[in-house]
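We just call them A, B, C and D in the order they show up, numbering each chain from 1.
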Amino acid sequence: MNPIITVFSKGIEKSGIKPSKVSVPSDIPFGSEVVNHLGVDFFHTIRGRAIPFGTGLKLGNPALKVVPFVGDLMTLGGNHFVHAGRRNMELLVICVNNFVYRKIGGQPAPSTPVTFSPYSTFEEPFNIPHLGNSCGAVYTARWTALHTDELANSIAEALNKQGLSVIEVLSPGPNYYTKIEDIESNLINFYYENSVIKNGEDPKNARITPEEKIVVGKFTDKERPTFIDSYNAQLSKVLGDKFTPYGGKNG
Amino acid sequence: MSPLKTIDSKIVHPMDNLLRMERIPHIWCPSCGIGLAVTAFTAALEKAKIDLNKVAIVSGIGCTGRVAGYTKLDSFHTTHGRPIAFGTGIKIGNPEIKVVVFSGDGDLIAIGGNHFIHAARRNIDMLVVCVNNFIYAMTGGQVAPTTPLAAYATTSPYGCVEPPFNIPYLADSSGAVYVARWTTLHIRRLTNSITEALNKRGFSVVEVISPCGMYYSRINKLGDGLDMMKFYHDNAEIRHGEDTKNLGIGFQTKIIVGKFVDRERPTYMDSYNKWLSEIKTEEKLRK
Amino acid sequence: MKANPKDVNTGVYYIDGDVSSGYGALAAGCKFVGGYPITPSTEAFEAVCRRGPLVGAMFIQMEDELGSIASVVGASWAGVKSMTITSGPGFSLMMETIGFGAMLETPFVLLNIQRGGPSTGVPTKTGQADMMQSRWGSHGDYELIAISPDSPQEMFDYTIKAFNLAERYRCPVMIMSDECVGHMTEKVVIPPADEIEVEPRRFYDGPINEYLPFKPDEDLVPPMVKAGDGYKLYITGLIHDERGYSIKNEEYKFIYTKRLVDKIRLNKDKIIELKEEETDDAEVVVVSYGISSRVAVRGIEKAREKGIKVGSLRLVTVWPFPDEKIAELAKTIKAFVVPEINYGQIAFEVERCSHGEANVILVPHGGAGVHNPDDICDAIEYAAKEKKRIEGVIEYKTKLEKLVFEEGYKLHE
Amino acid sequence: MRIDKRGVLTGTWNLSGNQACAEGALAAGCRFLSAYPIPPSIEVVERFTQRAKEVGAVFVQMEDEISVLAAVLGASWTGKKSMTVTSGPGFSNMMEHLGLGVMLETPCVIVDIQRAGPAIGIPTRVGQGDMMQARWGSHGDYEIIALSPSSPQEMFDFTIKAFNLSERYRVPVAVMSDAYVAHLKEKVVIPPAGKIKIKPRRYYKGRKDKYLPFKRDKDFVPRMVDIGAGYRFHVTGLTHDERGYPIMFEECQEHNVHPLVKKIRHYVDKIVEFQEVETDDAEVVIISYGATSRFALKAMEQARKSGMKVGSLKLITVWPFPDKRVAELAKKAKAFVVLEINYGQIVFEVERCSYGNANVAFVSHGEKGIDNIEDLLSTIEQVMKEKKVRKGIIEYRT
């Protein structure tokens, strides 16, 4: 059983939202046996396009709660991510970060074949909560996969947020491009033990570096009108009675 | 027939050697600010005292995308949104070349947003000049990711509903080492900024706010180019070192300009070379 | 089913093909358009942006074409009819997701206003060089439907037909128009809603627990459901079985994707629409589509004035290709003349289907303009005279080619 | 041309197709590889990066395949031979820049390790569903060269050939391999550096101020210069004249795009390569390429043993297609059997070029596993029995 999916399931339960109203477009290939018991609609999309696919789902049926799962450290889908943030599209983006960062845990060494990490090993990775925050996300958080309770709470909270929420989960999870055996099996424990919870920290300061402890926690929690809200507000203002507001909270 | 043909051919403008004069007149509309940005850029090229044979300019698609075609350097007019990626190839293929990406907001921030944030993260040694006219002008005035809220465009006929990007903030938070913003009114300061950025190692971004009299101003009834210049004059405020967070631009609100970020970070090639030497030492040790 | 009167702006208009197509989409019940501005298709998107909000249709201008088509596939799974609008370079960017849409059997319509290519080419002028791309542009094997309208009125009519076909066969349908038709302004009659036939989505109506997303009906097309209705969908772009579950390596058989191809190939006769004129006693048949078919009319007239028996076959649906019709005609005629605004695409298909029984003469044009009808007329004349069976597509040397390469035309001073 | 010996790993090795491809690239002088990791092409990058540091080559992993090909084109203009490697979905993402490569006439090599598609398909399993895409995948009209290797040795040889062709004709060349060949380990002989023929880039050598980036030689191919060499040239993806400046008239479009097509079509006979086995007396000719040609030969031998006159035509260059040779064979043979791991792509080309002179039967290979040739054999048998000439492509029930 995939730990993140278990926590996700808990999160949905806590949020009080019907699983049948949750749609999950994902570019991470979770198997059917993993997601079936969740009771959500699951779409395994092509790499990097989970966010725009989710945008379509949300705009096609505003009653849905759409939770794109993205892997690949925002490589292919980086643009969709920043633009969804700008629009404040009502999505909960769960970014499963399984990067193989050199020096963390002593493994893998700099000579690890570069193809096995989503970035070449000498490149600095994105600070995803910071990027999300600076693009306008209303909720950002980072947890390791072992912070199960905190993560579940975050998911529940974010599911009830109006706007783009981002939760980064550090986990050597399933991914095309990682040779699992290359990573020490206790890497996830390493992440957990080397993390420090700093809720409310400015995500700017939550860069993951080899030297410092990994900062986890809930970083952003603010309010901004969502895409559909501003759409309805602007068009009602201009068109008046001719315009029927789109969707609304109850679809 | 080019109207310039009638002018006495002995008179040579000091910038003629930097422009492809055979292509003049250019395609830009009256009141457009791109020409001013090009003037600032060419002046900066001279001021920066760099070997012009070693400068490559790459543009994407759009009004600003045509800049490469008028600049007498090794110049590339590529596909929509991809000049940064194309430039990355040039830079890594031949690190001696100074790559300048000169393109518009739609090209660099909408379709090319991914390359923009990733090149900033990698800190590829290039200068990005982003001319921001708040609209897609080449295709006739569609909404752009920089169009201020409630401003009109042909694909937001009832007012723009999406908040715009704050380009300096995006660049800063992705890791750019030099970030500045000027309007086309601040021509000398803009020239100085580009000069400075040309000699900076790493991913530098200079945003140039430019009037678009034909589409943005016309659709939004903001007058002509001169009116926009007056607006910049009255509403632009220089605040060097301002936190990039506070640089958002609303519809006809104050525009904060200045140099905001100037820092040092190892460039992509620096990290690459360091990594390479580390591997080599490691291999030697193993032996 | 009839169209919803709210969606149809009945009346007589003087509009261009792009706008007409936008109105057609809304009349067909399209409720989501994801687009990105690109010349020369922008006017269609603008039309939707203006009229869409008044009829409850959502539009979004995405950050790029990769995003716009992905959002369209998503919206279609949310249960609404969806469309995206683009042109050449954008179409190339959409390739991966078109294959994804075909794999997920997602109904949506893609309007491609072709322009001169390759690469950036001539953005403001016409071309017909994406025809093969629409069939083969994505990796892997799939089949889809492509329609090529030739007037603003047809842009309206065939946009509706495109939606109907998409819903009927659960596949992406391309409207392969071109800049000339897109920017041509003509009279367009939009009929009352009760005269517009609209295909509703085939929703599954059985028990919730027994639903299999890819279990086909007899016509090889599976019924669909919406996301959010409790079906616990598991949909993947991996090769999947009827349940939608990806297949383990060991079980891998081609059979799972074969249906994607078969559902079009076996329903071909129902999909194909052709317009035939005077082919019964023809010596030469002009095969054309889109704007070329309108230019060809003049060429054909001229040839007829010279006493040549010329027929015309207009491909309204270009894909699937009318193999049998071409083969049948090949038996009775001397030659096909294929005018198209490219250097040979559909001409190769005509060559393939004529099985060596008729000559195939291509009248090429690079784009940025349309044919000179005289070229078409001359090619017809040549075709009628040629007695030998010549293998291969015969590329007719146009006046334009002679001008540029032989007569020393100066592009610049 | 002098060859950079550091890149040539002379000797006899046991290499997978992917590794051989990387070795071929390095031997051909490729010093710039950009890629985004996608199975089943990863081993090419691995091998390349392992050897890169000795050879002085550079690898860049970009954020997506779109930027990958853009970077390759940029690097090619700096004078470095450049390559990318990908698989189905990545290849689809590269389509727009394939067109830019054609328009800028930029030499580069794209290796596509085909997998089962469409969409994500099965990332680790073999397919040949991208063959038509290589020819038609980008918008607008162009011609391209595509090679299809069938063994690790050919992966090595054809990668070099691909670089040579792309420098000769200034066009992106695709190496259309597949997951089977890519992961197959076999003996690969890498000859001494002196024995490898490398086509140098066709540089312009005249006066700097007279350089016109798209002025064509008689063979329609223009000459190149490097960035930074002081030519200050301009190139654009827009329709351009020989100066590289955009002009939006149909005359210019004709002037620009027609030669892109002609420079390949006029030299088809020089470019096209194929291998024929026992086609002289063959009644049935099996046409195949890449992985399938290995099984075609196996089936041919078996059929010959049981007294059927079967020959084999293996396509080395799939694009441009050997129209003439297929047409000739169609007149001699009774039928073609086309073997592909898809639902019919190259078979349509065979149908086109046989002009009704031979039956065309299609075998969608791989349904029973790639090494199973029962379907093929039974099709050959049934084709042999067929008396009349039938229109269209025949698929026998097996």
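Basically, contacts are C-beta pairs under 8 Å (C-beta built on N, C-alpha and C of every residue); 3 or more make two chains touch, one makes a residue touch a chain.
Nothing here was measured: the structure is a model prediction, and the numbers come from that model.
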Contacts common to subunit B and subunit C (chain labels): A, D
Between subunit A and subunit C, centroid-to-centroid distance (C-alpha), Å: 38
Distance between chain centroids, defined by C-alpha means - subunit B, subunit D (Å): 38
Inter-centroid spacing, subunit B versus subunit A (mean Cα positions, whole Å): 31
Separation of mean Cα positions, subunit D and subunit C [Å, integer]: 28
Contacts with two or more other chains, residues of subunit C listed in rising order: 53, 63-64, 66, 89, 96, 100, 119-120, 236-238
Junction residues of subunit A - those touching two or more other chains: 29, 44, 46, 48, 75-76, 78-79, 83, 120, 227, 235, 239
Contacts with 2+ other chains: residues of subunit D: 60, 63-64, 66, 89, 96, 100, 119-120, 123, 236-238, 243, 245
Chain contact graph, described as a line, ring, star, complete graph or other shape: complete
Subunit B residues touching subunit D - in the complex, by the definition given at the top: 20, 22-23, 52-54, 56, 58, 68-69, 72-79, 82, 84-94, 96-97, 114-115, 118, 272, 276, 279-280
Residue ranges of subunit A touching subunit D (in the complex, touch as defined): 29, 44, 46-48, 75-76, 78, 113-116, 118-120, 176-177
Subunit B to subunit A touching residues, read off their complex: 110-114, 117-118, 121-123, 145, 149-150, 158-165, 169-170, 172-175, 245, 268, 271-272, 274-275, 278-279, 282-283
Residue ranges of subunit B touching subunit C (in the complex, touch as defined): 61, 77, 79-81, 110-111, 113, 136, 138-140, 142-143, 145, 154-158
Subunit D - residues contacting subunit C, complex: 66, 88-89, 91-93, 95-96, 98-100, 102-104, 114, 116-125, 127, 129-130, 132-133, 135-142, 236-239, 241-243, 245, 247-258, 260-261, 323, 327, 342-345, 348-349, 351-352, 354-357, 364, 366-367, 391-392
